[in-house]
Amino acid sequence: MLKGPQADVRILPISMHQKDDAGPYLTMACVMKSMTDGFYDITFTKNMYYEPRRMSFSAHAHHHLEAMTTEYEKKNKRAPVIVVLGHHPAFYLSSCCMTPYGNNDYLTASAFLQEPLRLTPSETWGEDFLVPADAEVIIEAEVPPHVRESQNPFGEILGYYQLEMKVPVIEVTAITHRKNAIVEDFMPGQMDHWNLGGIPKEGSVFNIIKKNLPGIKAIHLPPSGCSRVICYISIKKEFINDPNKAAMQAFVEMPNLKLAVVVDDDIDVFNEREVLWAVGTRTHWDKDIEIVRKVQSFRGWLGDSVAMIDATRPLKGDFPKRNEVPEDAMERVKKFFK
Amino acid sequence: MLKGPQADVRILPISMHQKDDAGPYLTMACVMKSMTDGFYDITFTKNMYYEPRRMSFSAHAHHHLEAMTTEYEKKNKRAPVIVVLGHHPAFYLSSCCMTPYGNNDYLTASAFLQEPLRLTPSETWGEDFLVPADAEVIIEAEVPPHVRESQNPFGEILGYYQLEMKVPVIEVTAITHRKNAIVEDFMPGQMDHWNLGGIPKEGSVFNIIKKNLPGIKAIHLPPSGCSRVICYISIKKEFINDPNKAAMQAFVEMPNLKLAVVVDDDIDVFNEREVLWAVGTRTHWDKDIEIVRKVQSFRGWLGDSVAMIDATRPLKGDFPKRNEVPEDAMERVKKFFK
Amino acid sequence: MLKGPQADVRILPISMHQKDDAGPYLTMACVMKSMTDGFYDITFTKNMYYEPRRMSFSAHAHHHLEAMTTEYEKKNKRAPVIVVLGHHPAFYLSSCCMTPYGNNDYLTASAFLQEPLRLTPSETWGEDFLVPADAEVIIEAEVPPHVRESQNPFGEILGYYQLEMKVPVIEVTAITHRKNAIVEDFMPGQMDHWNLGGIPKEGSVFNIIKKNLPGIKAIHLPPSGCSRVICYISIKKEFINDPNKAAMQAFVEMPNLKLAVVVDDDIDVFNEREVLWAVGTRTHWDKDIEIVRKVQSFRGWLGDSVAMIDATRPLKGDFPKRNEVPEDAMERVKKFFK
Amino acid sequence: MLKGPQADVRILPISMHQKDDAGPYLTMACVMKSMTDGFYDITFTKNMYYEPRRMSFSAHAHHHLEAMTTEYEKKNKRAPVIVVLGHHPAFYLSSCCMTPYGNNDYLTASAFLQEPLRLTPSETWGEDFLVPADAEVIIEAEVPPHVRESQNPFGEILGYYQLEMKVPVIEVTAITHRKNAIVEDFMPGQMDHWNLGGIPKEGSVFNIIKKNLPGIKAIHLPPSGCSRVICYISIKKEFINDPNKAAMQAFVEMPNLKLAVVVDDDIDVFNEREVLWAVGTRTHWDKDIEIVRKVQSFRGWLGDSVAMIDATRPLKGDFPKRNEVPEDAMERVKKFFK
Amino acid sequence: MLKGPQADVRILPISMHQKDDAGPYLTMACVMKSMTDGFYDITFTKNMYYEPRRMSFSAHAHHHLEAMTTEYEKKNKRAPVIVVLGHHPAFYLSSCCMTPYGNNDYLTASAFLQEPLRLTPSETWGEDFLVPADAEVIIEAEVPPHVRESQNPFGEILGYYQLEMKVPVIEVTAITHRKNAIVEDFMPGQMDHWNLGGIPKEGSVFNIIKKNLPGIKAIHLPPSGCSRVICYISIKKEFINDPNKAAMQAFVEMPNLKLAVVVDDDIDVFNEREVLWAVGTRTHWDKDIEIVRKVQSFRGWLGDSVAMIDATRPLKGDFPKRNEVPEDAMERVKKFFK
Amino acid sequence: MLKGPQADVRILPISMHQKDDAGPYLTMACVMKSMTDGFYDITFTKNMYYEPRRMSFSAHAHHHLEAMTTEYEKKNKRAPVIVVLGHHPAFYLSSCCMTPYGNNDYLTASAFLQEPLRLTPSETWGEDFLVPADAEVIIEAEVPPHVRESQNPFGEILGYYQLEMKVPVIEVTAITHRKNAIVEDFMPGQMDHWNLGGIPKEGSVFNIIKKNLPGIKAIHLPPSGCSRVICYISIKKEFINDPNKAAMQAFVEMPNLKLAVVVDDDIDVFNEREVLWAVGTRTHWDKDIEIVRKVQSFRGWLGDSVAMIDATRPLKGDFPKRNEVPEDAMERVKKFFK
């Protein structure tokens, strides 16, 4: 445990991730506590190194951390925050769930861990702010109100650098860690980053679509779309509007999505080649793509229009049958090559 | 060498390829000779087994073999034809070149072999019809004029069964083969089928586009599109119309193409995930896709409309930079993991 | 209580509703009980008079009653069903809730009544099928398996006659009623019909949209659209895509919807003139309407395409201010006219 | 009669109409006389109070008053003008007729009054400028050449404030009035304003459409569209192009129109709910709306694109019949409720 | 004068016009008289030869002659009709005016002749039916009620054969002619046919457009469009919507029109090359063409969609200036070449 | 031969062409020689008069002359150039061929002349730069590196003035000429200018289209489109996609093209009236025009979108037959009028 002047973050390995990053960053999750309602919020965010005890705090507009920071700033108070560098994967997955503001994320983490998240008083604020007892490293810090500093460029999830912007800062009050602690970090804009964001979304969006479209079979946010801008959905089509119903729900749930492709249930959405085979052979481009404007809103350079491709076979009319090798023949072939 | 009643094709392994195929088929190339102009034409086509000395002859409308068959039928003559089951790969690749009608394909095969194709008189027609001397197996046969029989269903290149249709037939006159000959055949609608069609087209279309668009970098007909209905092109964009110029030329050259995606030269067109990443992050769907009707014409169930997706970055305006890890860092990582 | 031959429905007032209706109909709700899982399902449906003890049973494809009828038909059993003609309004409203198949609707009715729904054994099946104790009139009947008869034309909710179709029938076993019972019935394609369907939907769709769009203010299914094909939504717009997000969710939830108009929160969606004023003065028709095909699916003659009109003011740019009379002036005027 | 310094308009009630109006305005009609051709022109226009004997003169570009003012300015002369505050309603309705420039509007007013408009010499210019003898109040004034002053904001007909702009001014020379005169004024952007503009247009546009489309039944400029931007037309459709023919003529005649809805003759265009019911149930959005750019031109913030909605039933194909209650049944019901 | 059996139309030259015409036709105008209202109607129509005293009567649906024929048929009467083969050109031009049904066309002809049309009693009906005194040849005939016979194919105005159809017939009662009379006839689908239809329309449509668009300069129905399906309009553009306003009015007036091109007033609409130069250099195809469906209605094979091309320069922005040779230089050149 | 100070271009007639041209220009071809590869390049370009021995050199971006000039500038050398004012027409036509950069245009000129182009050493550079021996006048000059001066406005090929721009200059070193030499020049934006550009393109584009569309019959770049922005193509249509295939190839080959119209082979593409007749009667505007964005790129004010109009008859369905006068009848008519 390091406090005061000893709490120098340079004892931690802080990586430069990409060539044009503005500096080294930590990329893991922060925890804040609602000033008024007492719940804890865990959110992935990055912290850029400024000085030994001062880092950036990337609390984005319209996100939970910004809402919380604002609560304290309105009262001109310093907001306590911790950076958790290393914990059970379930702890981090839980923070990617689309829980509403007001949810106590410590409880959600407990649910993912399938046992209560062990907590302990913090060094800085004691019982007023509990911290995970089993973290590898925890940085305790405070957000001074109304301070904004420059952060970025930083190579982000979609594979492009995020531009310089003004964000709040954190001032480190303490660093605690396990013995021989291992600092966790991920490589932005790569597979681990995408999986973290994509897998929980696939599950929750699947469930929401299923409510109005019981015939949904699977959903995938492929790495080609950074698990964010492209979505593949397979359905057992019963009505002519099933594909667009599925796609529209996906766009409503995922505000960064730009392309949704809906395929029949003979297509494996986790196999991109199959999905494209359906697009290539089943899509009539004058009838089966709907381009809708003003649907995507988060990043200006992505544009606001989206595409829904219906790559399912028509319900009526004679569409040809797929090639098929009999299963027993395949078995014999497999034996032959053993 | 087997002649007359001995020329029973059942001595050859003829495969059932797909579950609902109408019967066993040979899938290799046939050779015919122009009755009036004397040149030889080599074309891939399939032959379905009917009787020991009788097979179908799938000479499609608007193709070379049909043109030749018609020459003989007009004079009420039996057309000689040979089926070549096994030869040097260059022999077969040469037959996929987009050579015009009237080309002597024996010379093209020689060019691919980089030495003269060795020929020998046929058993049936002697010096009047020369056959490749180094083939594994050759079936010599004749097409009786004005005869048409049923063929198909047969699982074809796009992964769907081709419907029953009427085609000419061949009547076997002789079978010749090397000792211990190996009969060659390919699996329709699979990788070997696609490569055969795709690789020569990639080369010839690349050259044609390059004439008007020197900045073209690469072209790929991915297996997802059965090397036929989808095309990826990368260019170094200089003008706003370069992407659509490339795409339009591709559609003119390849009448089955349904989707052309044009990307910048930082994208590897042989890596489908990268191509889709460009589509996902660089395409503004209200501006960067052109859907054109009445462009694709061959198969009714494919529809006639096509899509050109311009997934290149805009020439003007501030599009963000790609993430980039310094090369020396990558080197160090690679060493670390060795 | 009337049983056997006495159970003649002609003792009840059964109305001819529209000029070209195929005959008199009852228009209230039926209750069935799941053969396998024991839950009760209450659904509005109509019954056309055939004979004194025989009526139609309009169990539509893809609805709950049809699913239940099928359960019994598969086992070749007669399905018990009751027609409830008159009960507390909460009983009927509860049946318009979009509860999933498998829900015990007697419990939902209890929730709407804010006390347990009082039940009593039926005359025909005793404890095996409980019926509401406080209904005005109950017809007990059975659906013979695999019987289908003609029903309709019948003037339906959208203001048009539904065409003749084949439906199951019910055979009456008993009629029970309170003293001086009043038979309830509604006029199809009129206000009472629309309210019944519209009000519960407005609530549930509002809640679903709110999850992803907290800025939603109100939603209305106006009588002009028979509370079914037109939807007005007002929002406090924060992002450019808020209007289409709201509209897409509405289309996903309400498969008959054909037109969604989204307005700013200064517009009262229950005042059609105000909504149209927003459409007339705030919609730029080349940018603010999205027409999407293959979204509506239920009735063929309605077509499958829908329209989303964004009648909100732009977030940026100088849109003129609304006229406004100061409140105190309005007060003085009101006093003056008293 | 007040002349010279006594002609102080503050003796008249001049209203503030809306909260953010730049000041009090008179909202009635002005009369000018052509310098060269001697005809009189009556036009509704507003006058904002500046000083006791000085008001704004809102002679808009491309309108008659501006043309007349320009005649005098070119010769560097002061233009006489009178403001008529109160007269027979027919006097004012006549001024909303779409008469061409050059028409003597005193004669048109006579026609509306169905007797000659009584005139009398003005106080200021005597026989050179005749004024209505039966007006409640008349302000006589002159427009000094080449003077422009600021006017507005002012809450205008479409329900939004018109922005500040430069307009000519009038300098009052005399005020005449009847005994106990009542000053007339209307509330902009409300029903009386809309009716004034809408009713004469409905008549003249109906007549023009009828010339090429005898089957037109009725036309309405509903208050929802401020009698200006929305138009409902009912027709007895004989040809597939009747709806768009009607709509196109409406757009040609009314340059502010943005939305035209054409319905069958079973729909009452004065009942907005019925019109929307037709839109909701008879419009196939992929076929029955035409959006045309560059058709509306007057106010920049309205955009220039318009929509024509064909909400008529198709001429061919089986569209369902409307519900209908027999007339005698309705009679009986009416009697019952008396 | 020939009456009874002598009234054999074979004494007249009746031409075969086109190769596949069903027979020889007269192509001039017929006159009928309203049974109830007594006015005369002159209409161009064709008569195919059947027998010496029997010809077809091509009274098309929705035209005046058909309306009149129907009047007589309803009363089961034979309708008198005359065919006027040769008169002053003004007589025929007058019949192409777009006068409403009910107009006495003898008076319109008088107006075109600028003197009263001289009339004389007919041979067949005496004073009951007056005929032009100065015609070259007049065939008097009667239309028997409820008789329909086959007519066509006949090469029509748009350059294509009209298909076979059923029409009424005329039975000849008398033929009167001047001495050495010259039978007039025109060649369908050629310049004289087009001019006849086009010139009167250019005038009347010009006048109608001018009412709402004073800046219209000229209008032309070019022979390329058979003076019917293509229209060129030049305007002095003041507002962005002037071009489409002009085009929409043209479509409303001319129900066969399919393409309207609007150009600036530096373009001569009678010079097709100049019009196309404006289309080629001033049209931005993504902004300046409006394609509207359901506007053209008369002939099924023409389709119902139309195009409005705005080939005017933009009002704002820097469009380059036209090349211009100084007038005095042109004068010097002209002198030089004399 | 004039050298040094005598080489004053004012001895030559240099024309003012258009009223607003910046000054007099020579409009013929220049020849340069590749510094590194020794080939000669002939290109039409204009030279504006600055001073007696100094003119502009309009070497446009992306053209051959600019590439050559750049070669010399990179080495800081003066580039030799000659202006050839008068030679055999074949010499000039050859320079309009679309030969690739690197072609020795002296050889191409020889091919067009059908004999070797006679050459002779230049006055200025001797054997290092050969010049045509049979030119009327040759200006020898040098391009000083890195000098740019103002040129234009100048009335250019599309009929509009090209704006002022910076270009390199030439400094005259010698003028040689035949006795009584005639200086050649053309009038920009007129027929001779268009033919020069259009005729060679028609030939080369015809050949390229023919490779994939053997049914092409003719191609024309009409003067209405300045032989540049409009293209008419006639084909014998076999497949539904033939028209768009032809049009797309035309756009790929001619980057200034904005409108391609494809017609059947009964239409003469050199007769604009016939082409428009096909457009007027065979185009269904909702199906037969494809507007594609980002295809035209050269001049900003032309926009980047283009139109492909398919004015061919449909392959299926009953389209009416064209009118046709029998040939022998035409013969008789011709004889009659002799």
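So that you can tell them apart, the chains are marked A, B, C, D, E and F in the order they are listed, and the count of residues begins at 1 in each.
By definition in this document, contacts are C-beta pairs under 8 Å (C-beta built on N, C-alpha and C of every residue); 3 or more make two chains touch, one makes a residue touch a chain.
Since the model is a prediction, treat every value here as computed from it, not as a measurement.
Q: As a teaching exercise, work out the groups of chains that remain connected by touching when chain E is ignored.
A: Without chain E, the chains stay as one piece.
Q: Counting one step per pair of touching chains, how far is chain D from chain A at the shortest?
A: 2
Q: For the identical-sequence pair chain B and chain C, what's the CA-based rotation angle in degrees, nearest 5?
A: 120
Q: Select the chain at the greatest separation from chain A, using centres from the mean of Cα atoms.
A: It is E.
Q: Any idea how many Å lie between the Cα centroids of chain C and chain E?
A: The mean C-alpha positions of chain C and chain E differ by 57 Å.
Q: How many angstrom lie between the centres of chain B and chain F, each centre taken as the mean Cα position?
A: 39
Q: Roughly how many whole angstrom separate the Cα centroids of chain A and chain E?
A: 70
Q: Which chain A residues sit where two or more other chains touch them?
A: Residues 287, 293.
Q: Is the way these chains touch best called a line, a ring, a star, complete, or other?
A: ring
Q: Beginning the circuit at chain E and going via chain F, which chains come one after another?
A: E, F, B, A, C, D
Q: Quick one: in the complex, what on chain F touches chain E?
A: Spelled out, the residues of chain F in touch with chain E are 17-20, 153, 155-156, 158-163, 188-189, 222-226, 229-230, 258-259, 272-277, 279-281, 283-287, 289, 291, 293, 301-303, 305-307, 318-326.
Q: Along chain F, where are the residues that touch chain B in the complex?
A: 212, 239-241, 243-245, 248-249, 251-253, 255, 287, 290, 292-297, 304, 310
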